[in-house]
Amino acid sequence: MDPELIKDCVHCGFCLPACPTYVLWGEEMDSPRGRIHLMGQHVEGTPITDAMAGHFDACLGCMACVTACPSGVRYDRLIEQTRAVVEREHVRRPDDRAIRALVFALFPYRRRLRAMRLPMRLTRRLRAFLDQVHPSLGAMAELAPAVPRSVRLPPLVRARRRRRARVGLLTGCVQGEFFPQVNAATARVLALEGCDVVIPPRQGCCGALSLHAGREAEARKFARRTIAAFERAGVDTVVVNAAGCGSSMKDYADVLAGEPGWAARAEALRTRDLTEFLTELGPVAERRPLPVTVAYHDACHLAHAQGVRAQPRELLRAIPELELREIGESAICCGSAGTYNLVQPEAARELGDRKAERVLAAGADVLVSANPGCTMQIAAAVRRAGKGEIRVAHTAEVLDASLRGLEPGILGRSPIRRRMP
Amino acid sequence: MSERDVGDALEATGVAVRAAGDEDEVAGVRPRWVALPESAEEIAAVMRVCAAHDLAAVATGGGTKLHWGAPPRRCDVLVDLCCLNRVVEHAAGDLVVRAQAGVTVEALARALAEGGQELALDVPVPGTTVGGLLATGIAGPRRFRHGTVRDLLIGVTVVLADGTIAKSGGKVVKNVAGYDLGKLFTGSYGTLGIIADATFRLHPLPAARAWVTATVERPVTETYGTWTNEDGLTFETLTTDLDGSLATMVPAVTESPLEPSAMEVDWPDVSGRCTVAVLVEGAAAAERAKALCGLMGETAEVAEEPPPWWGRLPEHGGTGNTGGGEILLEVRNMPCRLADGFLGLFEAVREAGVRAAMRGSLASHVFHVALPPDTDPALVAGFTSQLRAGVGEEARVVVLAVPPEAGRRLDRWGHVGALRLMHRVKERFDPDRRLSPGRFPGGI
Amino acid sequence: MSELERLTARLAAVLPPGAVITDPVRLRTYECDGLTHHRATPGVVVLPDGAEQVAAVVRLCGEHGVPFVARGSGTGLSGGALPRTDGVLIVTSRMRRIVEIDIPNRRAVVEPGVTNLAITEAVRDQGYYYAPDPSSQQVCSIGGNVAENSGGAHCLKYGFTVNHVLAAEIVTPDGDIVELSAMDAGYDLLGAFIGSEGTLGIATKITVRLSRAPEAVTTLLAAFTSIEAGGHAVSAIIAAGVVPAAIEMMDALAIEAAEAAVHCSYPAGAGAVLVVELDGPHAEVEHQFAAVERICRDSGAFEIRVAASAAERAAIWKGRKSAFAAVGRISPAYIVQDGVVPRTALPRVLAGIDRLQEEFGIRVANVFHAGDGNLHPLVLFDDSVPGEAERAEIVSGRILDLCIEHGGSITGEHGVGVDKARYMPRMFTGDDLDTMQLVRCAFDPRGLANPGKVFPTPRLCGEVPGVRKGAHPLVEAGLAEQF
């Protein structure tokens, strides 16, 4: 916890209404300003108490406060440092430790995730029982989407017209396992816009989950491996379609600052969100009409951590006959926040319900978002509200449908349809 | 202590003092002396004598509303502020003016007009002084746009019952240092202290003004009908309704983006027609007035001058506003309770068997109702309670002026939510109850 | 066992679970509001969920003789919500329901924890808004606005909180729930309550006036080479009989900070920028705009930008509204001052501030509501340099002296709080302050509501009427005077 970064906070409170936990509970210590104050207390010598750790753990890391802050406080850096300190210094309750261990043994590993798909689906029936054992287990069961057939992407997808760029594509663990069709759509859109897309087969996790949870060493390991994978692929730009992965890859230089040689290699690798990249590149492929109403959800790690708000909206608006609707309280997190909904299930559920209410109020046909976590979280909340299955799609899928002239009816239908209530 | 000694003590202050006459009566109570101080210090000197000799004092300016409020329980000294008649400072560049309490609003307006500015109030009683304006808090048509005097007052100097001279606020428009005593004294009917001078924020005189007037022949319509009950008995019924054009015209105008400054009604006799007038101010006033015409029906027309009744209280039988027999009520309600205001008045007039004239703000829903001075006191009381019942619980009906005989039979102030706190404020400012005692709600 | 401990033990009985905070680490996060150089850890924090709960807590405070302080979002800049170590901090952040929106009657009823901007957001679609707009409007609470009588950039034309509140339900220091309404006859206690900085009670429900959104809004940004030229333009605009919705000015240093924080892209090389907003009917705004543009050019504006859309208007305002916090980017520490001068005295006061900067070697960034002479000098310093904080404090005080000398005020909108109580005797006489405190004594004779704020010397109210008891220990110790 860098005292200099803490000092940047002038205590103006502009972050309060942007903070999901403050919105929920209205308590100073569950606001960014309050958490920075707690960090200050620790720096001044107060040991990390259960109460203090609880308030840090309750932070979703959505970074809405970073957007709201006029003083430029690096809360993102501060909370990462703080999480690392909490991991090092604080002894958690045994059940909490067990859940965290389970989550981090599972999610960053695609093969383990794949192995878990069937048991997770089965456990949905056991939801009530699991909830009693531990709310986190219940949350896990509730979130798991029905999984489509896995899609295997070739190591290289060639440009479908005159080549304008050559880029790498990060497939991600959760995206790759639970939403493979999104990666396929992303690759197609890029190819149709004139890009050679390189997809290194053994890229693994980018380290986002570990980084956002204060598991520094693990995060650095994943970062090094990801950089090496794309260097081998011979690309200098990596296109990412998962908000959380994009934001952590953009932080690689900071994450690896202490490692000789690696910082420079991290700097050399350009990371771009898909929408950011497409907007910079400019459209050449024909957009075909897509008569559908979509509500765009700002994933925190895209809107707040990467500042990417205008680009996806611009791309969606450029699709003929598509109507774009805004969701109320768009800056407030849906409660997914990486592994948050697994380790803080109660708060995540409250936020999810709040978000679902506003999403439903927007009255769109399809909910569009750029983060698999958000999609699962909001879909689960809508289900909880008794509103059945909401159609969800990634921005890439919407673009793909327009470029290929597909019917809007396919968006968010077949791949995620559930077999069980 | 004899009357003589007290008179000597007053003389000794150096303030001009004379014996009171019939014309100095305060709501029927005759004071013994009239003091004519020329400064806040002189007011303080008079108040110290009052304190030493337990004399009750009532302040007066133009005397135009001295008969408003309940009669004082006692009144020994009438403090006439006519000599505090200087406009102390008009800082045109800062849009503020400081004036002594005895300056009339007309004199003030003349002084300000020289600098192209105005106090954006339409004080409805001619001859009102700055002090009287504040003590009664009376306001006119443009309350809709600029609020009442409390909203334009930025500083005040007062003299308390013990002769303490205190000020609050200042001469800057924006100022939150300390409590705002000006607000507390506004509308306090002289029961907390005597206002010596006041500072107001000003507005530039509008480049142009235009009025749009329209008439409504029958603001309230009556329909006879029949009603049969469960037992088959048939009754004759009479239902009253607000004229539809009026009901739609008012929100159409007040909520219009054309931003009228005021919307007033004059209804001289509740069985007859009423006139509606809307004021528009600004460089493009004529253009906006023309556009407003379209919202006000077929009779609407634009005028460059206000109608003769504009910005005046309703009157009866040419008694003017200063006459002894004035009977004047104020009705305040929520803006959208227009029908309650009109129907409540219409029915109260019919039930009580009186004549009434009504004028006031359609935009802010503050109306004044005048009854003829010779109205039977019992009928006045009956009318007041009928009116209260008719305009609804959220509304407030205050009897501003009424002859003593009728005044004894009615509740002047209606519901006052925080009366206990008001008593406590009075106890602190004037523990011995020497300032206008009994003139205010709850016998304050 | 102290009275506070005895009281704390009883709080759980009147509040819902989780509404009483006693953990020392948690308590400390409430040690200050937006003004961080006054700090005090509250004895206990409560988070009530309704007027009855507030009243119950206040009654307990009365029974135990324990002081209480109300706090909304904690954004105040005068330490008005500075807690008492021996008292209860009553935080209204959970009382944030919009109780009623009544468009036909142009009013909304809200709980005190509702943010200022939330009201506007709730009625914007229907063409209305809540007029007062303090720079912190996205976070500051209406309860806090009522306590401080908050203004904002647009109060030049539209007035302050006190001009837009129609009624308030308050909990008096006795623990009674009382309705103060502008409709009622009698004393304007509502007017006296608004701006009393929590010393007369706690507002638990507030009825605000909603204003019709203007037909046209034009925002213009004019860049001048010097602050003098900008000031000249302001005078000329007022003299021309134009009342803009807002006239804001920032000097070069403030521009630099805003640029660093929010990249507002104000014209390069500007010694001052003026933001003028005109609103009203189309026809009027056109007239006024022509006049204002001409005046700015005549006064030497080298660049004039006009916001053509809501987004461009937001971009112009963004620089201004974030200016305070943005100064954090160019200085390790700073003091925000809030003086007022008659507008015509602005040039003289600004020259005086320049002299102070030179004399003390302290930089001052100026941001102000030029239309009403409300200055927000930001006194910059580095707290790691020995003596600099003290010099900044002196400069800050001297600026207030300048304001008073020129017939102004020590605070235009931030309130007196704990920070400026000591300056009150420079602006008011003892008699003035005693008279104000009569109101305090009427509402709170025991002085339990936010003691130590607004007034420099605590006064004991004595019994009413007239019967005095023996000398109070505080009087004997010379710490207080008695009426």
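Worth a mention:
Letters A, B and C mark the chains as written, and numbering starts fresh at 1 in each.
Definition applied: a contact is a pair of C-beta atoms (placed from the backbone, for glycine too) under 8 Å apart; a residue touches a chain by one contact, two chains touch by 3 or more.
What you are looking at is a predicted structure, and each value in this text was computed from that prediction instead of being measured.
The most central chain, judged by C-alpha centres against the centre of all protein C-alpha atoms, is C.
C-beta contact counts were set side by side for B-C and A-C; B-C has more. Set against the Cα centre of subunit A, the chain with the most distant centre is B. Here the CA centre of subunit A is 63 Å from the CA centre of subunit B.
Mean C-alpha position of subunit B lies 32 Å from that of subunit C.
Chain geometry summary: the mean Cα position of subunit A and that of subunit C are 39 Å apart.
The set of subunit A residues touching two or more other chains is empty. Chain contact summary for the complex, subunit C toward subunit B: residues 104-107, 148-149, 151, 155-156, 159-160, 162-163, 172, 176, 178-181, 183-189, 191-192, 194-196, 212, 214-215, 235, 238-239, 241-243, 280-281, 283-284, 286-288, 340-344, 369, 372-374, 407-416, 420, 424, 427-429, 431-436, 438-443, 454, 461, 464-466. Interface residues of subunit B facing subunit C in the complex, by the touch rule stated above, are 91, 93-96, 116, 137, 147, 150-151, 158, 160, 164-168, 170-181, 183-184, 186-188, 192, 203-205, 207, 251, 255, 257-259, 282-284, 287-288, 332, 334-337, 394-396, 398, 413-422, 424-425, 427-429, 431-432, 440-442, 444.
Touching subunit C in their complex are the following residues of subunit A: 7-8, 10-14, 16-17, 22, 25-29, 34, 37-38, 41, 46, 49, 51-52, 55, 68-72.
Within the complex formed with subunit A, the residues of subunit C that make contact are 21, 23, 25-26, 28-34, 36, 47, 73-75, 91, 93-94, 96, 113, 115, 136, 138-140, 260-262, 322, 324-326, 328-329, 332, 334.
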